[in-house]
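There are two complexes below, and they share subunit A, which is joined by subunit B in the first and by subunit C in the second.
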Partner chain A sequence: MRKTSSGTSKVPFLRKPAIQSIIASLICILGGLLVGFIVLLLMAVFSKDIPISEAFRGILIVLSGPAAAGNARDVLFTCGNMLFTATPLIMTGLSVALAFKTGLFNIGAPGQYLMGAMGSLLVALSIPQGSIPSWLVWILAFLTGTLLGVLWGSIPGFFKAKFNVNEVIVCILTNWIAANVVSWVFYANQEKFVNIAETKTNFIRKTVSNGVSTATLGLDKLFAGSYLDVSIFLACIIAILLYVMLNKTTFGYELRACGYNRNAAKYAGMNEKRNILLSMAIAGGLAGCGAALWCLNGQQDFKWNTYQSLPNVGFNGIPAALLASNNPIGVIFSAIFLRYIDTGGSYLPGETSFNEYVSQLIIAVIIYFAGFSKFIKDYLKKKQMKKETAATIAGDYVKIPDKPIMSPEENITEESPPQTPVPEEPGEVAETTEVPDGPNAPDGGKDGDDQ
Partner chain B sequence: MENTTSLPVREPGPETEPYVIEMRNITKEFPGIIANDNITLQLRRGEIHALLGENGAGKSTLMSVLFGLYQPEKGEIYKDGKKVQINNPNDANALGIGMVHQHFKLVDVFSVLDNIILGVEPNTLGFLRKKDARKRVLELSENYGLNVDPDALVEDITVGMQQRTEILKMLYRNNEILIFDEPTAVLTPQEITELMHIMKGLAAEGKSILFISHKLNEIMEVADRCTVLRKGKYIGTVNIDDVTKEDLSAMMVGRNVKFAVDKEDAKPGAVMLDVEHLSIKSRIHKKNAVNDVSLQVRSGEIVCIAGIDGNGQSEFVAALTGLEKAEPGSKISLDGEDVTKKSIRYKNTHGMSHIPEDRHKHGLVLDYTLQENIVLQRYFEKDFQKAGFIRFDKVREYADLLIEKFDVRSGQGALTPARSMSGGNQQKAIIARELDREHKLLVAVQPTRGLDVGAIEFIHEQIVASRDEGSAVLLISLELDEVMNLSDRILVMYEGEIVGEFDPKTTTVEELGLYMAGAKSQEREKGGNDNA
Partner chain C sequence: MIFLLQKTLIFAIPLLIVALAGIYAERSGIINIALDGIMIFGAFMGAIAAFGLRKSTFFVDHTQLLFFICLLIAAVSGAVFSLLLSFSAINLKADQTIGGTALNLLAPAITLFITKVLFNKDKLEMETAVDSAGKSRDFGFAILNGDINPVAQVFFDKTYISTFLAILIFVILSVWIYKTKTGLRLRSCGEHPQAAASVGINVNRMRYLGTTISGALAGFGGYAYVATVANGTAEGTVAGMGFLALAIMIFGNWKPVGIAIGSLLFGFLKCLAVTYNKSLIQPLESNAWMQNLLANNEGFKAFYEAIFKNMYFYNLIPFITVLIVLAFTSKRSRAPKAEGIPYDKGAR
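What follows is the complex of A and B.
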């Protein structure tokens, strides 16, 4: 592939798939902010108590993220917590993105997340302090959480592969099963796990009470008072590994082939059912791992009484993945961005006349717009594809010497391709979240349901 | 090329009514390429006007201009002598222009009837009146002999029936200018004859037909006039009565093309493929789609299964290659080894190459690049991976080699997304991939479907070359020309059974047709000795 990078110099900058992905995401963010601003403006207009200028101040606060905190010390503290809370979001974003790459919609991240939280907490709090080194307990707890995520992701994967049951339906079921299983397990063992000392009856003891917490490497000092620990780096490393796995390995090649065209994958002898199962299992593992990273921080309260609600961080993985066009590296940035906006929004009630619900509303609007990133990207791609297809068809004959049809100054030859998308570029990876349904593939659309 | 452009062109006399559609001096450019260079197309009322050209000659672009999908840089379009502006397909529809696309635009999960009325649903206050529509569709389908089941789901019906649905769609909309984009590519000889008949009938009723094709026989048979494009340029418009097939071919390709395949007699060797009592359940009806078929293919021979689309050939190949399960009792041996229960991967790596029927559904991952598609079955081999990592440099090298060897043309070489390649080159890429893999048996299903003369010639040569290298070739084709030209032995499949075996040297197209239509069966005649 190294060779190809020379070819990319010919590609107009704005036509590169990676750039198009980023443009699409930026358009979404801008659109979301704009609508958010309009909401603030309308509120100011229709409320006697809020001057119009508050709307401008409000959107600026949302935009400034942790910087809205005020003095440097507070900003650092807020930054630390922003990054810390972004960690599980990166993981659930990766979970959703990986499944999308294989043509599956993992809406089961909340359930996988819950199972991961339960697994890691049970292990971290059950092994008596001092019996084995606490770092070993941490690793065991981390692995247990991840494995339970794997298990929970495998269930929809299994039903999809074996019986072609829509994974979305099974995911939703497993989400609620997880919510109830977790509630039940902790309810049955309240005296052991629940934090009675602090009379927080619905919360599990912090793992640090058992001596288990993630290493901080001084991050808690740098971002004084925050919860930040090395888990953010672990999440980034996992994202990079996932990117390499998807784009450089035979396994990733298979997964993407299955996602793009399941029939062709089968034709080529790939075990598409195994790949579906594996993809969902890994996706579940990623979500479970995200939960483990959050819980094992040591300082976190986990609300065990979850049977009526699912963790938002699981669902927010979907906009994180969409905003990043399913590129694992992109997910790091999109997740941090979502947390950034959220952090800024949390200062709205304190700093302006808007209440906290407005901040949630704006964030919701931005997340909603994140869903459009694929739409916008498809639009950009379609416009380009229309030109490209015609150009390539006409280009069939560039090798026939007798009658060149190109104007001389724009001669296209095999050596100087007009456009060269390089698959390795981050954006390219994220191209399709669905089975191919382009203009040339009338059959592509139905290949998900070949049974 | 020398004398072709000087062939006589009939100009409309002063008494002639204005052209129903006239596209004057259309020029459409794409960045770096002139797809249509000053092209003029004049369609008379009630005529069948063929538009001839190889893939990439600019036919599709010209039709897209007529359909309002592209705006030309230069040139005008006239309808009945009045200048019109066609900005989008809705404008074209309003002008009575209808088209059957080469790749059907049907909703798979809708019934035939629903597809036909889609967009023009008869309704009362928003409630569908399907009864009327149904009646009309049945009438139309009867009148024109377009046999369809209005209640069948499109995903369940054959390609041929899908096409008839498309034609009915146009008829249902009362279009008066009908564009057929390579309509015969998927039809059987009998169906083609029927379609020709229909087209003539439509023309006689005053409908004007644009018939896009590169099949010279059909153009000679059905068209009144023919406009030829080559490489985006207008070559000429001729009266079919004034020219021969060879003239047209020379105009289209710019050189003389041979129609017959050069090949020596087969030298059959050992049995490479041995199929015994193969049966497959049908997804549509209760009978077996393939019923107790036994056949052998030896190395060094091309055996062709001929038959009308939907008589079990697709299912047979699916079971043979492992895409579908065969019924118990079936046995498939490859070079003496029982591979009935083996995986697709095993068959792929043990000498079976497969050129699939549908290159978009099975043959290619359209969102992958050409090079990624080239290694679709080999990415895991030692040459292309190391410790689980794909060696993209080797992949590139290999892809470049095949591109060179098989003359696969594309905008960006090995890195072209497969989706943006033309159909002919997509097919060439598949052929390259399948033939270059080590194989003892080549299963080629409609390898030249929808391709132009030049590409067909090339692919036929490659298949014969593969045979001469000692490979056994099982060819499944709906095109009788191809069957007669290419094969060393012909088997006819009818309703899931082999009903006859023929030597292409001694049989005729007409005889094959009788067997294909189920009118005759050797088994019935001889008491089953050909099927044992």
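What follows is the complex of A and C.
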């Protein structure tokens, strides 16, 4: 971050962009919960059977997440499953977030996820048990899943880079292509992969039947009965690596520069087409990897005949990324939070007269408010700027721009080259991407196209 | 073949009208990724209306009037629902993709929540109702004319009034956006809102207009989809039709004629996947030449059995076709220039 290099000492804790992002997200979450509560309250008011107090109980159950399960044993079990189901969500969230950072909307995560699931299952189930060590099979399956995800992600990337076709449409098409390809492959090899033993013919055999499952390191004992394994840690490590790559390496800088202003990146000598392709490929790999982590748990049922529906976990990566303002570390928390609310919601039908869709409603409203986070941040900044401009005028004369800025010093450095959207210092992009209203805002970049 | 064409028309109509919805929003400068959500919401409100109105025998007797009212309600509720997007995108200058995604999440959440509360199930299916003569009638809006000549059957047998309404609306609105003053103004806001504002056009109002029309069309398309393609079952999904319509819109290069071709082509290929056995395999295999080939060539037979008699192959065709066409036509693809960018008076 620029702040750390040039002005940390001067910026109060609450004014840091990262902190402001977190505050904005928290405001969104509170707003979402409030709307959810109002819905419950309205329902209680208009229904004769439901007492008003039930609304309070309902929102408390949603809020308490896995703690709503009751006794300590059940809470641990639910917690374990919550973390386990959060794992693929973290990965798809990272996938969407990375693409967003490069200025691409990866709505293709469901397809990439399906391909990843197919790849890992094919490998994990077709290598005969005992021919090679099962950990090696696990790694091979994991890599195959990730690789297929990479392949599927690079299709939209390729179309965008080569033909300049909107990535959203290609993502939508590749989703459905993946859904049919996966169904076809498993349909053609039914006797080998489909679970016939348990007469659950809708599902693929569990990988544990071939001796392949993710190490649990005792987590399944700690969270007794749950599916939790080390994949959650793997997902966290990947998130941290992604953060480092995005913020501390030249490649990450190029990706962000590309997302921030494609033409400027090109002008600065970056290969923007290569960056688009790589970004989508990595995004696809992340989604595929999430699927592999989920499937290779060993205990999961994968529905193979998916040609008419796409996995929700792929689409839910979008809210996970948005809630975290596309910060890879943030995605870990937002994904777990989304699962937390979901888990709480799943206890509603049993405990109250409300249904589990309340949690979906709350998440949707949170995301709706997340759109306003820029508005909230701008508002915070505007207030701050007014204060600082007053201070500047009192000091020496500086031309005051009509847009909110972080501090007067920055104003001078960024104003002087008005149409140089990519600053020399890598740190500056991080700054500017988070302050989209500065002189180098995306609007400014788009306007540049017109010339 | 007639059956295939009938199906194509039925399937293409929701796509066509929702893709037009996309055009209206994007041409005014708002990316409407929420088409899917608005369809779900509109369809649900229409279905609720149908559910309620079918309690009255008058409407059971006049099914087409009921259908019309439901379509109207779906359109109005779609328009109202889209105001959420307009408000966040226009007034609060929020990211339009985020707003749209939120609506896409919100619509199924609301519909499932209410369906569960009111009916205690996950989907809303139309039940049979009793008409004034005391006869039990199945749900269904199809107009049947089995005895007319085959060409006319394509349009007038097993058809729905939504088809004709949609075509009418499509033609009127397509002409409107290109040939009227307001249409031109609306389009100008999607290209260069500041220039539009400089000649006295109220950009925000135009964008509200575009998004609201878009919402109404998507709601209409949503109920048309549920009542025709989905056989009257409203649930928390429209099988990705909204996203497909978005794809058709880009495929059609943000132009009405383009989306008409796109949705018919896509609808045709999609319906081929449903009816390939009857419309393709059977005529082919009744051919002596084909029978001869299959009998004598083992390799070809294996290939034929594995690929051409496989449902998934036909399912893939529409998507792959669109992808290939896109690759070849991308050169002339041109999105509205200002779409997705919140209008800022101060920018040039």
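Heads up, the rule we're going with is that the second predicted complex is superposed on the first by the 349 of 451 C-alpha atoms of A that agree within 3 Å, B and C clash if a C-alpha of one lies under 4 Å from a C-alpha of the other, contacts with A are read in each partner's own complex, and residues count from 1 in each chain.
The rule we apply is simple: a contact is a pair of C-beta atoms (placed from the backbone, for glycine too) under 8 Å apart; a residue touches a chain by one contact, two chains touch by 3 or more.
As the structure is a computational prediction, the values presented were derived from the model and not from experiment.
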Let me test your reading of the model: by the given contact rule, A:Leu136 touches which partner, first (subunit B), second (subunit C), both or neither? neither
Pick one for A:Ile169: touches subunit B only (first), subunit C only (second), both, or neither. second
Touch check for A:Leu42: first (subunit B), second (subunit C), both, or neither? neither
A:Ala364 contacts which: subunit B (first), subunit C (second), both, neither? second
Let me test your reading of the model: by the given contact rule, A:Leu241 touches which partner, first (subunit B), second (subunit C), both or neither? neither
Examine A:Ala224 and indicate which partner it touches, taking first as subunit B and second as subunit C; both and neither are also allowed. neither
Touching A:Asn261 in the superposition: subunit B (first), subunit C (second), both, neither? first
Subunit B/subunit C common contact set on subunit A: 402-403, 442-444, 446-447
Where on subunit C does subunit A make contact in their complex? 33, 84, 88, 92-95, 97-99, 101-103, 105-106, 108-110, 112-113, 116-117, 192, 237, 239-240, 243-244, 246-247, 250-251, 306, 310, 312-313, 315-316, 319-320, 322-323, 326-327, 330, 333, 335, 337-338, 341-342, 344, 346-348
Taking the complex as given, what residues does subunit A use to touch subunit B? 1-4, 7, 248-251, 253-254, 256-257, 260-261, 263-271, 385, 387-400, 402-403, 405-407, 410-412, 414, 417-424, 431-432, 436, 438, 440-447
Given the complex, residues on subunit B that touch subunit A span 30-35, 37, 55-56, 58, 60-61, 70, 103-106, 108-109, 155, 230-233, 254, 321, 323, 343-349, 354, 356, 358, 360-369, 372, 376-377, 379-380, 385, 388-390, 392-393, 396, 407, 409-413, 415-417, 419-422, 424-425
What part of subunit A is in contact with subunit C in the complex they form? 39, 43, 105, 107, 159, 162-166, 168-170, 172-177, 180-181, 183-184, 187-188, 307-310, 318-319, 322, 355, 357-358, 360-361, 363-365, 367-368, 370-372, 374-375, 402-403, 442-444, 446-447, 449-450
